[in-house]
Structures are given as structure tokens and as C-alpha cells.
Amino acid sequence: MTWENSAITITTLLPLAGAIVIVLVPKDRDRLVRGLGIVITGAALVLAAAIAMGFDYGAGGLQYVLDTTWIDAIGARYHVGIDGLSMPLYLLTYLLTFLCAIYTWRYVPSPGRTKAFVALMLLLETGMAGSFIAFDLILFFVFWELVLVPMYFLIAIWGSANREYASIKFFLFTLFGSIFMLLGFLAMYFTSDVDGAHTFDMLKLQGFAQGGGFSHTFQLIAFGAIALGLAVKVPMWPVHTWLPDAHTEAPTVGSVLLAGVMLKMGTYGFLRIAIPLLPEAARVYAPWIGLLAAIAIVYAALACLAQKDLKRLIAFSSVGHMGFVMLGIATMTEIGFQAAVFGMVAHGVITGMLFFCVGSIYDRYHTREIATIGGGMSQSMPKMAGIFSFVAIASLGLPGLAGFWGEVMSLLSAFNPNAALGLDVGTYRVFMVMGGIGTVLTAGYFLWMLQRVNMGTLPERWKGSGFPDILAVEWVSWAPLLVLTLVLGLYPRLVFGMTNEAVRSLTGLFGG
Amino acid sequence: MGSVDYHAILPVLILAGTVMVVLVADSFLPRRAAWAGMPLAMLGVVAALVATLTLIGEERSTFGGHYVVDAFTLVFQVLFLGVAVVVLAVSLRYFREGGFYQGEYYFLLLTAFLGCVLMPASRDLLMLFISLELVSAPGFLMAAFRKGDIKGNEGGLKFFIIGVLSTAVMLYGMSIIIGLTGATRLDEVATGLAGLSGAQRTFADASILFVVVGFAFKVSAVPFHFWAPDTYEGAPVPVAAFLGVASKAAGFAGLLQLMFVAFIGEHEYWVPLFAVLSVLTMTLGNLVALQQKQVVRLLAYSGIAQAGYMLLPFALVSADAGVNAAAFSAAVAYIVIYAVMNLGAFAVTTAVARRHPRLLVSDFAGLARAAPVLGVGMIACMVSLAGVPPTGGFWGKLLIFQAAIERGDLGTWLASIMVINSVISIGYYFSILRVIPQETADTEPMDVSWLVTVVVALAIVGLGVIFILPNAVAHLGDVAVLGTGA
Amino acid sequence: MTSQEYAFVVTAVLGALAAVGTVTARNVVHAALYLVVALASVGVTFLLLGAEFVGWVQILIYVGAIVILFLFGLMLTKAPIGRDSLDGKNRVVGAVVAVLVFAGLVGLVQAAFPFDGAPALPAAGGSLDIGTAMFTDYVLPFEAVSFVLLAALIGAIVLARKDEGDPR
Amino acid sequence: MIRLPLVLTFSALLFSAGIYGVLARRNAVMILMAIELMLNAVNVNLVAFSAQLQDVTGQMFALFVIAIAAAEVGIGLALVILLFRNRASINVDEVSLLKW
Amino acid sequence: MVGLLGFVAAEGGETAEQAAVAANWFAEHVWLIPLLPFASGVLTLFLGKRTPGKGTVYGILAVFASFVLSLGVLWSFAHGGADVEQTADWFTIGGLHLELGVLVDGLTAAMLVVVTSVSLMVQIYSLGYMHGDIRYTWFYVVLSLFTGAMLVVVVSSNVLQLLVGWEIMGVCSYLLIGHWFEEQPNSNAAIKAFLTTRIGDVPMMFGFFALIAATGFTTTNIGETTRAIAEGGVSTAFVAGAALLLFGGAIGKSAQFPLHVWLPDAMAGPTPVSALIHAATMVAAGIYLVGRLFEVFVVADPVVLQIVAIVAAITMLGAALLAIVQDDIKRVLAYSTLSQLAYMVAGLGMGEAGYTAGFFHLFTHAFFKALLFLGAGSVIHAVHSNNMSDMGGLKRSMPVTFWTMLIGSLALAGIFPLAGFWSKDELLVVAQETGTTWLLVMFLLTAGLTAFYTTRMVLRTFFGTYEGAAHPHESPRSMTAPLVLLASATVGVGFLGAPQLGAVFGDWVHFGEHHEAEFNAVLALAGTAVALVGIAIGLAVYRTRRATDPMEKTLGPLWGVLQHRYYIDDFYMATVVRPVRDRVSAGVYWTNQHLLDGAVNGAAALARVSARIVMWFDRTLIDGAVNGAANITGETGGLLKYLQSGNVQWYAIGLVAGVIVLTAFFIRL
């Protein structure tokens, strides 16, 4: 065991170990548990950062690889590694969870139960991080599903009024999707023949696919199944309906991690599995994915306009933003893929931050109804209002802030999709125009939201309620995201630099 | 006919001895101390378990091949003895406080487990039959152990009537098979059957079905399942645990031997039969379970559905020995995993029964607060039973699934049906799961026997081990497959 | 047709009638008596087949012991008399099912062992072998069965006995 | 001597009669009796085959079946008596508290 | 510092060599110009409230420094400096290489001066005007950010960098229009402005994409992309499309028909903001964009430029007419701005020849329009009302304001020798030279109208009797000083383009070969004459102050049309809204509540109503399918459970029947 081959295993499993430690802490040591949460996630973040430091960004391919036997009965191996595509998302996972742990320092949402809360959060972290490093389909699937149960409980226990419905809907929807995904995996496994054996190894399958191992029809079917599973998680229109409920009902930390990281698992899956392993099918499906993505953008923006609930609005906006990511992916171009990864990171940072804001607003007002809040937040909490506006504006894609590059590059890539798709550019230009309309509508609902929340005068009912403006804990947990929003906007190379090599080899699969 | 291999039957001897000791001791114990039967029984079971463990790696045969010790036997014997430990542990308080006849109960329970332990080692029709009866007869009695409760009587009687009826049908089948083949040893039966043709073969096939009925009753396969929900509900909860886990696993231990050894040559005939049984069982079990409000009843239907999954590998048998081995090992692995998660669920239910005797689903609300270990344990078991990845239940299903896909055509269809069923099953497992973390007015901590807590914790650990090292369980099946030579 | 076969046919017809009587009689005691006849005819069949040991066991245990047990059971439960009190509502269904079973079984038997040209059975015999086998090859099942009986005995006592006071 | 099909037919009749009894009788003791008929049918088969095959196995089996049958009767009657004590009736069609 | 010394030295008339060194220094440090205001914005944000003067000092100093540097850059061009392009790697995405860069040519230099000087004036002016405002520091923060963003647009050497500045500018505009967001109309106006311009920005962005695509997705550099377009390789339709898309951005930002509706509403912002953003600088960015990418327009099908000219003509005349009927002094100026912006667009619409003229008008207009707005602000500050009906007779109480505004007004009317005269005259000359007579007529017509409404404004504000409630007084120094400075600029800058003086502006800003502007006495006279006629009519009509506007009677039904802004806003509402309204009866009330103001709100309402439909779709169909499946399985279970009847004999029948059926089915006979 060297650092090289064990680093990501240690980093990924550290939160899991931490969760076990936390379970063993006495129940009444509330502060200790929260402190431990911060320390563990912090340590994991440091390790992740160390991995990032040691990563050779110039080289393509996997690094920190560990490939060893695991469940030979079903042919699954423990194959982990990290490349430019995983790196930004891997780091994002640790950063967001760490910040969530800090945010939790102040209080754990009703009904308390700090231990369980922190432990589930850590379990979630392992699941999320693991899905970004797994290079074996079953291993990937395990991590993918590992996320499900903790998130279910985060929503079901610490959620708001309608939590039961939301949590079950979330669970069933995603499980439904992942069953299809698993079927797709198994189909690939049984069809594959590498050195006379079936395999779940992504890289081997990729080679097998390149060698023409999967027939055209097979690819179409397998891609359909896998894409369905991934699409639910993304979520793509029209299988997104779990998301507004889940996001809305989840506790703040849950929403942040859900929006910030979990949705990316779906889009990442497209880049990591669906497209490289089934490139022919990807080519066929691409325009349809693009269409759904374009619909999602417009649809979500319209839906946002109809929202009366602040958190629900943000939730719907995620659908639209992920639409841009999917549009980028659907172009199958280098720019599109890069845009997608950037979009994922940016969405994680910005929407995560938006959920933090909404959570804190809710803490003070104890309502999420925009009409009840009634405006005037700039008067009661000028700093909060300022931060909220900043993040909202970042989210609507203002150039110079993180949200911009993912959107604009995704639209740019749609201008001319990969020639290998053999499509008339017109199709994608229509998507591009829909995306453009979406950006206008997006600006519309965000500004309208700001008008109704921040602007105007403080309604009578809130006068004298003495809301505290942003608290120290909030500053600490938010500052990194705010800085990142700005830095990514001004210096997008931070992400593009990481992903360049990996994306190049990905696009290489299409000869485009 | 050599001398008896005492090492081989040592576990059985110890268990039988314990049965007698418990019985005798009970007559000398004052009523206040009647609970002492439990530690005695526990001691014997643990000793038997140790004796079994010393046999690991051995291949022995005694009593003229009626009793065989091999990997298959050992896997199941260890499983049964482990289950016995758990059932005993959860029984203590339930029976002590319920005013039951404790000594007799432990006596009957151990007798039933004696039958369980004999089942996998039995390699002829007669021993299988007697082992089955040894499991059933005490079962009938224990099911009615809540003497004052009409429901208990009713459950016991129904269990008995259906049990005896199916036994009669099975015996009829066995008599014909013996007559046609002139053999009772399973391997000889297989050879005998291979020599049949024409109408005699047809009669033999029909008889195979009759024989299957006896075991299908035991594993509660549709349409031989009707007793199960009523009996589980009427029986004391630990007895339901026994019926739901040990008795069912014993049924499968017998069925596996019959189908994979004795009747393997006739698979073309019975594979579609098992396909139908499996599909019917899982589908009906799941759909009806969705309607249940009473937890034990729900677990009964859940057990029916799970039996459907376990029956599926039987429908995968073909001429391809590789596929058969995969199916066999999948079935064994699933049974083991099923035992762990279902026992956990029953253990929790037993503890909850103390405060909420009616055991409605809603009675589990707030369990996570009132008894955290139980709450977590129940959640883990439910999630696992539902087959949510990557829990034990998932791995078990995946093994079956893989075998099914490997088999192709019919297997693919069955696999799809199983997937759909798994999805449906989430509905009712979650109906329990979701109430557990709820906040209730009644937040007073639940008084739980430390034995139950330990058992539930063990179940959690067990599920955790399966979760982290699924390989280990997956290989249990491989180990067992060697023993049958299938 | 040998004389033994004639004897068997008579026994069988008698036994069959008694069996039908057992399941259709309106009086519980009659039913029990029919059962005695049916079981006795089975015992006689065993004897005719040359299985003496089993035949005598049948007659002694069943006719002697089990039927008495039934009668006790009937008395203890004060079983009423009359068609409605003995038969359920699914007589017709039961009859249809039973006829189907009978037809099916006879069909299978006839197909597998055609009546024409079926050889006469030799005497079963072997009562001595039974004794030896019981305590050699069959010692394990024998012991196991004894546990079944023991369990049945103990359990039956526990369930059937009238508790005073506490135990439920 | 006796031809096998005849014996088997007798057995089939006993078995069918037993099935009818189990399905049609409402009195629990009557059901028990019917079951005894079924088990006896099995024994008839076993002994007949034992004769045909000239092998004691069938007879051995029959002896075990008799023993088990005795045990079952004991258990059955115990259950019936228990039921009677609690309900003052042993009609099985009235016993349907547990359903659905 | 070396450069600065060199600058001083060069001014002192030292050697040409030193001057060249100094000139290069300025050109090479252009990047500092946008950076300084950004830095000051950040400083003000974090330290402003703790600094004396509440942070205003950072902004003013930074803009002053930028202004000096800009002058230096312009000066370097005046001394024959060459175009400078500096770039630094930014990032690479796929094959697309992006650079951060500055591109300095004459156009940039001129724009830099305009932006920094007006910004400086406005910042100083705001010291007084915004004094005591609740978000005083914040105002300066945004003002600084705006200036920085505008400067980024001006110096950008690549389209995406330009887009960054462009959008930040938009957001600053939004923030400033909504500065007093406690009042809902203000925030409405802010949103309207942002969204309307964004509707233009999206096509513009697509236009950029087209440019990038023309290079094969390799670069975003303005020079290289336009070269790629010009050198062919892409179809003419593609070029025309790209040009039109780009023009979309200009239509939005420069408030041309049909996206002009936001600008009048934008007057809801503080007056200094109107002066800086909605008169002098940001609205000119659209024109600047067209100029920056003019290569695309030139090589494109001529029809593109014709479209540009037609749009300009419509806006020019239409807005001028609207200005006549306004009572709000800022709205008068706003429509005037629309109209004047259209002049510039029209100049560009005449092709290469009009390039210099168009930008010269932009240059002069920036100064006198800023002056007029600041003057109007001074008046508003005094009378606490925007309406001219609340003013009158302020000549005496506010002399400085009056005189400076008078200069500005005359410049706007195009009276010799003020700035407006020269630039308008140049446009007339180009129109005549290029033979676009119809445009010439439009120019003259608009000029007459301009003179008329300007006269109306001055008369109604400063002459007659005061009718307001407050006690008017002259504004403080901080406000009058910028007025005076701008007034002197208004007097001076026109001569930069005077043909008689060599028209140095043309040396700086030209497209292709420098187009030497001729002086055409006939046209000059015609222009002046038209203006004078306008003034005369104005004087005649408004010499005596009346309760109702005399034009109301004169114009008859036209008055109503103009009051309703040609019903354009209403038209948007009706065409977009009615289809929905007819179907959704509940929508009627709702629409009335929310859609009274303008097209953007109308569009938003349409969006909101369709959003409801979308929500319904979401809830009913998609969720419905999921729930439906769940119900079906549940119901099946509900029926199946009755199999478990509780009667054990039924169980037995089930068992035996099962055996029979299974045997019958599977037995091999």
C-alpha cells in the first residue's frame, strides 16, 4: 500500500469511518459530535486537496489507481482511480460537505438527533465521493446507491412539512431509474468478452466497445436503460418531478448536497459511462438528449415563474441549469463536454450557496412563501439580501461569475455539434435558441424573485422581529463558495485546466 | 455398514441430548425458574455449533449414506444453529413475561431445530420426510402456544391442517417414486428415474410435483402459502421468527437436495413448474403485502414474496452444469442473507410486541427515538429486504439475477419479473421504514431486553459484513455447491 | 384371479365403502366406526400382500389406539350430530375436487401399470429383515421419529391441559 | 396373487375420499379422520410396491408413516381440544378471525 | 512613472522621441484603465463605510486616474500612435483558445475619454446630488463597477471578454435603476431594463458564436474573427445572419425600435445614473459594438445595413415625436436620447462613409446629453419633482443651471458652433454624399423636431412662473462644477470634427481609409435653418405658459397616440396576452393586475401563465403516471388479499386445486 494507490480509498472511506466513530459517541455530547463532523470532513477535504496537489494535470488517463479483486463471484473488481473529469467533482464533494458540516455547527434542524444527522451526512459523503472515483460498474453502482438511503433519511427525518411524500418520491424515483441502469450494466457485462471473460471494468469495456464488441442494436438498448437511470438523477425532463419536492422538503444541508453534488452524479455518469462505453448509441441518442435538455431549460424557467415557494423556485432552477449541462453533453464536442463539467461545478457552488441562503432565510422567517416574506429583506438584513442577490445573479449566468461559462460554452458548443453525429446543424441551433430563450426567462424569474424578497419595504408583520443578519458560522461556511463563485468566473481555467486532457480523450472516441 | 461415525453426528447428538436435558430439567425446576430452560438450551445449541464448526472441511457419510456431512450440510447446519441462538435469545423475555409453558417451549423449539439440523444432512427420502416432520410437528404445537388466545388456536389449527394435508400429498408422491425407482437414496432415485419411460415417467413426474408440495408448503409458496399469514399472526412472535426463517430455510434445504440431486434428470419437466411457482409466489406475496397493516402479517407476506425469489433459481436449472451451479449457489446465498435480515426484523418485532401487542405498522412510529438500536436495526433490515443496493438483500438478488441472465431466455423473463416485484416490494417495506424515525408523543425509552439488543446489533453487523464483503456470502453458495455434486 | 385376489377385492370394496362412509356419515360415532372398518381393511390388505408385521402394526395401532383417541376427542368436544353440523358449505367443491383427484390418480395408475397383463404381486414378506434394518440402517430415522412422537406427546399435553389461573 | 393396479386403485380411492373429507367436513375431528385415510392410502402404496420390488424399504417407510400419523393425530386432537375450550365449537369454517 | 514623466515632458514640448516613448507607455498600460475603477469598487464595498466621505474618494480618484490615462492614450493617437493589442492567456477549452486582452485603436481611445470624463463628472456631481442617500456608499460601488465594466467593453480584444463587460454593465444598470427599490415602479423599471436588453443580448451572443464558429472554434479574438468573416469561407447568408444577430445586441442596449421601451422607464433611477448610463455611455455601447465589429457589417449583404438604417430612422423620428408630448423632464431627455442614438446608428447604417460621423455624434452627444441630464437633475433636486408642470421660472433662482442647460439645449438643437451642430452636420454631409436622400430628409425632420422640443423644455422649465411647491435654490458646488465643465466641453469638442480645423476626430476614428469630411455650406445652412424654425415654433407656442399644453389641441388625435407611446407597449400586451386571456378566464383579472406596464411585464405575464400550464402538466400528467402505476399495484393487492378468506378449507381447496392444475398443465402425457 503506497500513498499513490491508497490515497483515494483512504480519502473516500474516511467519512464512513468517521460515521462509525460518531455513532459510538455518547448521545448527550452534541457539540462534540458536531465538532467531530467538522474535523472529519475537514480532514477528508485536506486529503482530497493533497490528492489534487499531487495530480499530474498534463497527463491523460487515470491516476492514483487501485485495481484489486473484490467480489469475484459476480465479477466485480475494486477499481478506483481519478482523472481530470472526476477531479473537480471529487473536490467539490469534499468542499461542500465540509461547509455543510460547519453550517451544522450552529444547530441541527428539528427534531435534533445530532448524531444521526452528522453520521448520515458523512455516509452521504462517502457515497458521493465514491461514485466519482469508481471505475468498475458495480462499484460505481454501489456508491451510487449508497447515497440513496442517507439522503432519504435526511429528507424523511429532518425535512419540512411534506417530507414523507417527498422522501419516498425521491427514493422510488431514483431507485426506479437505477434499476434500469443496473440492467444496462449487467447487459454490458454479459455481452462483454475481454480475454475470454465478462467484465464490469469501465476501461476494459471501453476498449471492448472501441473494438466493435457491442452491436448497434445492443448499444441502443443498453444506452437507453443506463441513460434512464442517469436521467432520473440529473434530473432530465420529464423525469425531474421528484426534484422540486425533494429539494423543497429537505433540510438545508440536504438540499445543498443534493443540488450541489448528487445531481452531478447523473451527468457525470453520462460522461463516464454512457458515452464512452456506448459511443455509437450516444451518437444516435445525442439529438434527443439535446432536445430534452433544451425543453428542460425553457420548461424549468417557466415553472420557476409560477413558484410561490422560494425554495421550490431554486429547486426548479436546478432543472434548468442541469439542462444546460446536458445540452453541452449532447453536442458531443470537446467544448460541450468541458462546458458540462464546468456547469456542474458552477451549479454545485452557486446553487449550493442559494440553498444555504434560502435555508438561512427560512431560519429567520420560518416561512418560504415569497408572498409572506413580502420583500424588504434589504432593510431587515442588508448583508443577507446582498449575498442573496449576488448568488442569484451568479445563478442567472452573469458573465464574470461562475454560472456564465458553463452556460455560454454549452450554447456555443450547440452552435456546431460534433460532426460525427452527422446531423444538420439546424437541429442544435434550435436547441441553442431555446437555451437562449431560457437564459432570458431565467433572468426574469431570478430578478422577479429578488424584487419580491429583497426589494420593497419590510411588511408590518416582520417589523421588530429583529432578524440577525448573517452570523459568523454562516460567514465561515459561505465565504469559500462566494469566493469560488467569483474566482471561477474570472479564472475558469481552474476547472477547464483540469478537464482538458480527460475530455480530449473522451471526444477522441468519436474522432471529432 | 460400518460403525457409526460419531464425530459426524456429534452436533445432532449434542442437540438431542440437550433436548432431553431441557425436558428433564424443566420438571425439576420451580415455576419461577422455568426460564432457566433457555440458558440450558442456549448452552446446548452453542455446543452443537462448536461441534459443527469442527467438521468444517470434512466430507463424511454414515448410516449407510443416509446422513452425510459435507459443505452443503455445514453451511445450513451453521445457519440453523445460528438462527437457534437468535430465536432463543429473543424468546427469553417474551415467554417469561407472557406466562407461557417455558420449559416445554424450549423443548419443542430445540426439537424443531433438531429437525432443521438433520434436514441438510439427510440424503434419502425417508430422512427428508422425517426431518420435515420433526420441524413441523413441534411447529404446529408452538404456533398455538398462546393458549388463551383464539387467534393463536386458529393459527395453529390452520397450520396443522394445511401441513398435514400437504404432508399426505407429499407422501403419496414419495410412495409412487419409491415404487417406480425402488430407491430412497437421492442419488439412486436419480438413476432410477433416468431409467423410466412412457407412462411411468409421467406418473413419476406427477409424483415429483406431489413431493414438491410438501416442501412448497414449508417454504410457503403460492398456492400452498395460505397458512402462513394467519399462523404467523396468531403465533408468539419468536415462533413466527422460527417459522419465517428456520422452518423456511429447512424447507429450502430439503428442496434443494431433491431438485438438484434426486430429480435433476427431470428438470425439463419441473423447471416451468418452478417458474410458475416462483412468479406466482413473489407477485402475490408482494401485492398482498402492500395491503397489510399488521407487522407480523406483513412479514409473513414479505416472507412469501422472498420465497418467490428463492424459488427462482430452481427455474433456472438446465442441461448446463455451470448455470446450475450458479443458480444453486445463488439460492444458498440468498437463503443465508434472507435469514439474517428477516431474523433482525423479527427480533425487533418481538421487542416491540411488549409495548404494542397488536403490532400495527403505526406502532413502530418513533422507534428510532424509543430504542435507537432497534430502530436502526429495523431500518437496516427493511432496506435490505427491499433489496436496495448495496445492502445484503441487493447482493442476494443480484446473484440470482446474474444466474438468470446467464441462463438466458426464460431466465431473462423471470429476472424482469423479479425486478418489477422488487420495486413493488419497496412500497411495503417503506411503509414500516418511514414511520420509524417519526416523532411521536410517546418518547419514553423502550425497555428492551439486552439479549434482543445484542441480537439486533449482531444482525446489523451481519448486514454490515455482507455490505462490505459481499464476496464472503456469495462464496458460501459456491462452497455448498460442491457438496451436492450438482 | 387368485383366491387372494378375490379376498383383496372384497376387502378393498369393503374398505372403500367404509372410507366413503367415514367422510359422509352424519353421526360422528358412525363415522368413527366406518373409519375402524376402513383402517382394518387396509390392515387386512397388508396381510394379504404378505406384509405381516406392518399389517399387525396397522391393526393394533390404528384400530386399537388411534380410533380410540378419535372417540375420546369426539366426546371431549361434544361433537353434535347431523349433516349441517358435520359438513361445511363446500361439499360440492370438495366432491368435484375429490373426483378429479381420483380420476387423475386412476388414470395415472392405469397408464403406468396397465391392468391387462399386470403380473401378480409376490408376497412382501421380510418381517425379520424389518427388525434388523430398524436397528441398523434405520436407527437414525428411528431415533428421529421417537423425537417426533415425544414432542407430539409433550406438546399435546401442554396444549390440551386445562390451566388453572396464570399460564395463558 | 394380487395385481398391483388393483391395489393402487384402492389406494387412490382412499386418498380421494380423504381429500373429500378434508375439504367438505367442517368438524375438525372429522378432518383429522379424513387425513388418516389419506395417510393410509400412502401406506397401501408403499406396502404394495414393497411386495412388487421384494424390498423391505417400502414397509419400513410405511411403519414410519404410521408412527408419524399417530403423532399427528395426537397433535391434532390437542389443537382441537384447545380450540374447543376457547370457542365451544370445533367447526373450522367458524374459525376465520385471521384473514386478509 | 517613467511614462508619466515622459507625458509631462512631452507636453512641455521636448523631443518627439520622448513623446513616442511616453505614448507607448500609455498605450501599453491601457489595461490599468478598467482595472482602477474595479479596484475602487471593491475597496469601496469593503472599506467604504469606514472611510471619510463614505468611500466616495476611491471612486473619484480612480476615475480621475483613468481619465488622465485615457487622455494620455488619446494624446498618443493624436501624435500618430499605432493600434496596440496586448493579450495574455486566459484559458483553453477544447480547441478554443481564449485570451484576456486589450485592443487600442482610435475608436477605443475616443471612447475611453468619453466614458472616463463623463463618469468623473457624474461621480463628482453625485457627491451633492446623492448626499444623504440611504445607500450612498453602495451607489458609488456600483458606479465604479459600471465604469470598470464599460471600460472593459471598450478595450476588449475578444468577444467573450466584451460580453463579460457588457453583461456586468447591464447588471449595474439594473442595480442603479432600481437604486430606490423601496418603490415598486423603480424595481419594475430595473427588471424591465435588464430583461429587454437581455432579449437583445441573446442574439448578440449567438452572433458572437457565429464569429467564433467562422474561425473553426479556435479563437474569440475580435481581429481574427472579423478577418475570418471578411476573408470568406463562410456563406454570405451566414455573414448576414451573424451581422443581424450582432445588431440585436445594439438594438437592445442602445434602445432602438422595437426594444426601445425600457429606456424611458429607466429614468426611474437617480438622475446622475441617467446621465452616465442611460445617456452618455452604456446606451452608446450598442453603437460601439457595431463599430467594433463593423467589418462584419461591411462585408455582409448590403441589405443588413439598410435594415440598420431603417431601424434607426424609425427610432429617430418616432422618439423625437414622443419627446414633444412629455411632461417629465427626464423623459423628454430620454426620448431625445433615443432619437439621437438613432442618429448614430443611422450614421453607421450608411456604411463606411458614415462611420466617423456616427461616432463623432456619439462623442459630442455624450457630453451635451450628460450635461442636460445633470442640469435636469439639478432642477429636480431643487423642485423635488420631475414634472415640468411643477417648474417654470427657474432662470432666476438657478442661474448656473439655466445657463449651462441652455448651452446643452442649443447643442442638442444643433446650433452653431456648439458640439451638436458639427456632428449633425457631418451626418448630413455623409447622407448627401452617399446619396441616401431619404435619410437626409429624416435627419432634417428630426432636427427640426429636436429643436422644437428642446425649446419647449427650456421654456417650460426656466421661463414663465414657478408653479412648484418647494423653494427652488441653486445646487451646491459639487453639482454646478460638473455642469460648467461639461458645458465648456460641449462648446469645445465640436471643433474636433470641424472640417475647417482639419477634423482631427476623423484621424482617430475611421474605418478603412480615412474619409475626409467635406464642409457643405448648403447643408450646414439647411440644418441650422431647420433648427431655427423649430426653435421659432417652440418659442411661439410656449412663450406664454398655459395650464394645458397647447400642442394637445394642435396635434388632435395624434396627441393621444403619442401619449400612449404609439400603443406599442399596449400592442405587445395585446398580441402576447390575448390568446392566453381568452382561454384562461381567471387570467383576465390577473393580467390586468400585473400587465399594465409595458411589454416586458406582458411577456413575463405570458410566461407566468404558461408556467401555470406547465406546472399543471407536471403535476397531473407526469406525477399522475407515476402515482397511477402505484395505485394499480395497490388495488391489485387489495383484491388479491381477499384470497386469504380466513377459512382454512378454502386454503385446502386452493392447495389441492393448485396441485391438480399444475399437474394438468405440466405433465407430459
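Just so it is clear, A, B, C, D and E label the chains in written order, and each chain counts residues from 1 on its own.
In this section, a contact is a pair of C-beta atoms (placed from the backbone, for glycine too) under 8 Å apart; a residue touches a chain by one contact, two chains touch by 3 or more.
In this text the structure is predicted, and so the values were computed from the model without any measurement.
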{"item": "Those chains which touch chain D and also touch chain C", "value": "B, E"}
{"item": "Chain-contact steps, minimal, separating chain C from chain B", "value": "1"}
{"item": "Chain pair, most C-beta pairs within the contact cut-off", "value": "C-D"}
{"item": "Nearest-to-centre chain - CA centroid comparison", "value": "A"}
{"item": "Greatest separation from chain E - chain, by CA centre", "value": "C"}
{"item": "Interchain centroid distance [CA atoms averaged], chain D/chain E, Å", "value": "98"}
{"item": "For chain A paired with chain C, centre-to-centre distance based on mean C-alpha positions, whole Å", "value": "71"}
{"item": "Gap in Å, rounded to a whole number, between the CA centres of chain D and chain A", "value": "66"}
{"item": "Chain centre separation in whole Å, for chain B relative to chain A (CA means)", "value": "43"}
{"item": "Junction residues of chain D, two or more chains touched", "value": "15, 18-19, 22-24, 26, 28, 43, 48, 52, 58, 60, 64, 68, 71-72, 75, 78-80, 82, 92-93, 95-100"}
{"item": "Residue list for chain A, restricted to those that touch at least two other chains", "value": "172"}
{"item": "Residue list for chain C, restricted to those that touch at least two other chains", "value": "88, 90, 93-94, 97, 101, 104, 109, 113, 138, 141, 145, 148, 151-152, 155-156, 159"}
{"item": "Chains grouped in pairs wherever the two touch, ordered by label", "value": "A-B, A-E, B-C, B-D, B-E, C-D, C-E, D-E"}
{"item": "Residues of chain A defined as touching chain B within the complex", "value": "70-74, 111, 113, 116, 141-142, 144-146, 148-149, 153, 156-157, 164, 167-168, 171-172, 175-176, 178-179, 182-183, 186-187, 190"}
{"item": "Interfacial residue positions of chain B with respect to chain A in the complex", "value": "329, 368-369, 379, 383, 388-390, 394-395, 398-399, 401-402, 405-406, 419, 422-423, 426, 430, 434, 437, 439, 470-471, 474-475, 477-478"}
{"item": "Chain B residues within the chain E interface of the complex", "value": "157-158, 161-162, 165-166, 169, 201-202, 205-206, 209-210, 213, 217, 222-224, 226-227, 229-230, 269-270, 272-273, 276-277, 284, 286-292, 424, 427"}
{"item": "Residue numbers on chain E that touch chain C, as the complex places them", "value": "649-650, 653, 656-657, 660, 663-664"}
{"item": "Complex contact set, residues of chain D against chain B", "value": "15, 18, 22, 28, 31, 35, 38-39, 41-43, 45-46, 48-49, 52-53, 55, 57-58, 60-61, 64-65, 68, 71-72, 75-76, 78-80, 82-83, 86-87, 92, 95-100"}
